[in-house]
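Once you scroll down, you'll see the structures, which are given as structure tokens.
The same chain A turns up in both complexes below, where it pairs with chain B and then with chain C.
Showing the complex of A and B:
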């Protein structure tokens, strides 16, 4: 009987302790996730009369947001994002995978490549932008001038070469995080499995296709899905290159929303931007869930 | 292997250190008064914490005031056990969010891009009426701060309570103009001044030969024997001057490629405001039922003014997109953008920063490689911002290259047409400037009551005539409120600063804001850089005419017509 009482007290004490331990993260979740996001979901439907000091509910922000999202300027930027994603999937991701595989297999110079490819993740991207921008805008034209005597425009200044120049920079910058994560995922592949695959004749590229890719498929899926989400939010480094003065032909959804938020003078400027983000989320969420499902269902298995 | 690893680690460390330095390079140079900015808190004195926006003008001016104010109060006690005052200056480049102010450690704020009525609504500002209306005689100045404000400033910053009593919660700080700055030394040397009467038909026959003795034209103010004699009076003369400068193998115009759209759009705003004058320009912000006099449309490829005036109210403010000043300003900008010989080679290069442009302008003709540069398009802050370049040139080339010894000046904006030039010559006000700084000095609300009189005294001290003049002497910029300088004061100013000071005397200055509900609810929409959007014939909305002219081959007429389409379409969605 005495024993039972002690157990009961202990249980109560444990529950109390557990409740206290959970209290802090729960409050944090309620405030910093739930409250903040509820607020974000409400913002698209609010209109502020700052002169009168009142707030009212409205649906007009949604129609304004749709008007902007489908305006010719921004649709062009969306096309640019799609193109960038296409290039990322077709060029950047395969190259990252191959570089990672090369490093993982500890081939000649792999440590050197590892450091070079990790640099974009180690050093501030702004520093890379400054170096790259000065190279393509100032150094390269000077170099061409000194070699050929011909005066050329900077590659960003020149409208014809501006977008490719920015996309090339994006590809280089994406290598850093991609290579780090792919290489680490590859390092998790057990030696026994690789040895067994070798006995079955899976060496070189076959090993990459039949052993490595299935094993790192989840990591690959994360990058693939993340890239899909970025179609709507990436600014293709336009802000780092141009600040708030990006040429019209490199402005994406992500850039537009970021710059307008930065330029916002007061809370009255936010609801339309929030409505834009909400509309984008309504498209992105089902798309991402579908692609995630498809990658899981039709992707290679480790079995 | 270990050695290789060690070398790689060292290389990487060096590279990372470099990356920090590279980012650091973008920071403004630490002012000379380094010690004053890095002081430790003195527990035996009362501290005043001051936020100073650390843009082109730096904090040196505030350091000077700090020293004088501390000296003035070295024996006064404001807290038990403490004697004297210590002003802690916190220079920061970031602009403050409204919500951030109440818990910011600073008590006084000297900043720009501050939206006064937003701060008021957020209840962030303390009432400083006593400081604004009170006498400054204890500092040897007989004028109150209020008496130094223009009527428009009093109306904007003075807020009436229910009993119609006026309260001040902030006052303007400095002025910012986008402008053309000319190299006086070069103009004097090459004779880039128009003759009063041309000696022949050729281009060079229009310019002075004997700089000291040839009689110069009246200049844009239309009056002989004033500071602008010989300078271009009309846009046509301006382009003739550019042609002549180019013919003499110099570079007519220099501006920063990286910010070309921002700077040239601000210059466009300056041209439009100067054309329209204070009353017509302010209509866009006040929309108070006054008539717009210079509206027009493009008819058969030319601008044709309306036969009747249009009364402007909040319902039809978009009509002001048809102002003549905007049309002629667009023509001016289109010509300088699309005429390669008029501007520097890097005028659209994104690797060419505003500080690169200043350095190019100062070094041009003195580096053994480049030709001289005649005019720099940059903001009022340029000379202050270029201090490091001046100093470096003094070190490498000698004292004759110092800020004090070189001569630059504000180039008064030419008038769009000959008839406008004549009209200006006959009016009292020759020029109109647009101050778009939104600069503000204020005290935050949640300051201890016992401390408020001390803080207000410092605000007053900052606005004595003597200290306003000193601000100008140190920063090469001008304050928004009225003040005067003696001959002796002027001797301590650079040639450029004197030109600004003189320009202020002969100009009306408008500030692009108002207290109307439409303005307050849509402040971003009304900001100067947002005021030149156009719906192009292709259906694209374009914010910067520079980009439309250069990259889309859009004509001035199409851009101007598109502005009306854009603004009339957007007006309905304003709150």
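Showing the complex of A and C:
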């Protein structure tokens, strides 16, 4: 009887403790996630009269958003976003995977390379932007001048080389955390599996393709899908390079919405931008869900 | 002899050697840029204009300017202006980075602990909700968040940003959940026999075991927050 009472008291105490600890996370979730996301679907249909302090419902924000998204100068950003994602998938991701594989196999200098690859992620990207920008704008033309005697424009000033120059910077900065997380995933591969594969002749590139990739496929899928989710919010580092005055040919959807949001003075400026974000989400959500399904269904099996 | 050469060529073009050469190229470019940037920071503007690659003709301590003179005018939410110097910027950066990273590392740990050690219906729902929400590719919430921050009068404040980050919805939650589930129940039972309460068990026994994971997550959060400062820069216009 006494034991039952003590158990009952303990249970009550546990419940109270649980409720107390979980109170803040629950409220935070309800306000900053649930409310915010419900509101993000409503905001595009709202219009604010700040002078009168009233809010009304309207459909005009959607048509305005579509008009902006399909206007010629912004539509160019759509292509840029796709191109930047394509480059990330075709160059940055394979390189990150290969670098991780090199580090995971503990090849010569792997610890050193791990630190160097991580450094650009620790140091503020703005510092690198300033160094890189001055290097390609001033140092490189000066170097070419001293070697060939020919005067060339800075690589960012030159319209033809501007986008590739910025993309190269993006690739250069992209390895840090990717390499760490891929390497950690690779370290989970059992030695027995690697030894068995070795006996079957899977070494070097074959080991990478037939043993490593299938085993880290889940981690790879997460990165792939995460990149896809961010496909239209990426700004190609345009804000870091140009601030709010980026030339039209480097402006992406992500950049445009970011700068317009930064310029916004009050809540009344948000609905059209929210409508743009909603339109982009409506394209991205099915795309992400489809790719996630395809990666699960057609991805390699660990067996 | 031919076999040896063929073997040598094969080794030269092996996957490892190719990755090694690409990595060396990366390191070389990285250090050239960093060294050039550091050297340039010790030149006068005139020296930089005519002597872009060489060593500084006269070593200048430009950092003096940065520490003493460098100020940026920023507009507050109410429209007033104020000057922000390097020390304030650094202090705000530290507050922002450390505060937000602590929040985004601590909340997944706390909720992960509760869900792993207190198995009940609410814990199951919490785990399911977090996993589902993490999978949803919603990206339109930013403007609604800004609107909410303005309505709550915490727009343009570091406290507001920390509050925003104090949620368990992240990959880190799953790491902590798995880690706390892996700790044997015997620790708690032994502590309870010794008279320890729930708070003591959590703070003095189980959390210290998660210290290294917490530190890793905290470090990763600082790095990610550092990279994504652009995203959070709207609500911190005057800071």
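The definition used in the following text is that the second predicted complex is superposed on the first by the 282 of 303 C-alpha atoms of A that agree within 3 Å, B and C clash if a C-alpha of one lies under 4 Å from a C-alpha of the other, contacts with A are read in each partner's own complex, and residues count from 1 in each chain.
FYI, a residue touches a chain if its C-beta (ideal position, glycine included) is under 8 Å from a C-beta of that chain, and two chains touch if they have at least 3 such contacts.
Keep in mind the model is a prediction, meaning the values are calculated, not measured.
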item	value
Three-chain arrangement built on chain A, chain B and chain C clash or fit	clash
Touched partner set for A:156, first chain B, second chain C, both or neither	first
Contacts of A:122 with chain B and chain C, given as first, second, both or neither	both
Partner chain(s) touched by A:208 [first = chain B, second = chain C, both, neither]	second
Residue contacts on chain A - larger count, chain B or chain C	C
Touching partner for A:78 - first (chain B), second (chain C), both, neither	neither
Partner chain(s) touched by A:285 [first = chain B, second = chain C, both, neither]	second
Which superposed partner A:45 touches (first chain B, second chain C, both, neither)	neither
Contacts of A:274 with chain B and chain C, given as first, second, both or neither	second
A:138 touches, of chain B and chain C: first, second, both or neither?	both
Common interface residues of chain A - those touching chain B in one complex and chain C in the other	119, 122, 124, 127, 130-131, 134, 138, 266
Chain B - residues contacting chain A, complex	8, 12, 15-16, 18-19, 22-23, 98, 115, 117-118, 121, 257-259, 261-262, 345, 348-352, 516-517, 520-524, 527, 538-544, 547, 551, 573, 575
Chain A residues within the chain C interface of the complex	13-14, 17-18, 21-22, 24-25, 28-29, 31-33, 35-37, 39-41, 43, 95, 98-99, 101-102, 105, 107-109, 113, 116-117, 119-122, 124-125, 127-128, 130-132, 134-135, 138-139, 142-143, 172, 176-177, 204-205, 208, 222, 225, 228-230, 232-233, 235, 239-240, 258, 261-262, 266-267, 270, 273-274, 277-278, 280-281, 284-285, 288-289, 292
In the complex, chain A residues that touch chain B	47-53, 60, 64, 71-73, 76, 115, 119, 122-124, 126-127, 130-131, 133-134, 136-138, 151, 153-154, 156-157, 159, 241-245, 247-249, 263-266, 268-269
In the complex with chain A, residue positions of chain C that touch it	14-16, 19-20, 22-23, 26-27, 29-30, 33-34, 36-37, 40, 52-53, 107, 110-111, 114, 118, 120, 122, 126, 129, 133, 135, 137-148, 150-151, 163-164, 166-169, 171, 197-199, 220, 223-224, 226-227, 230, 233-234
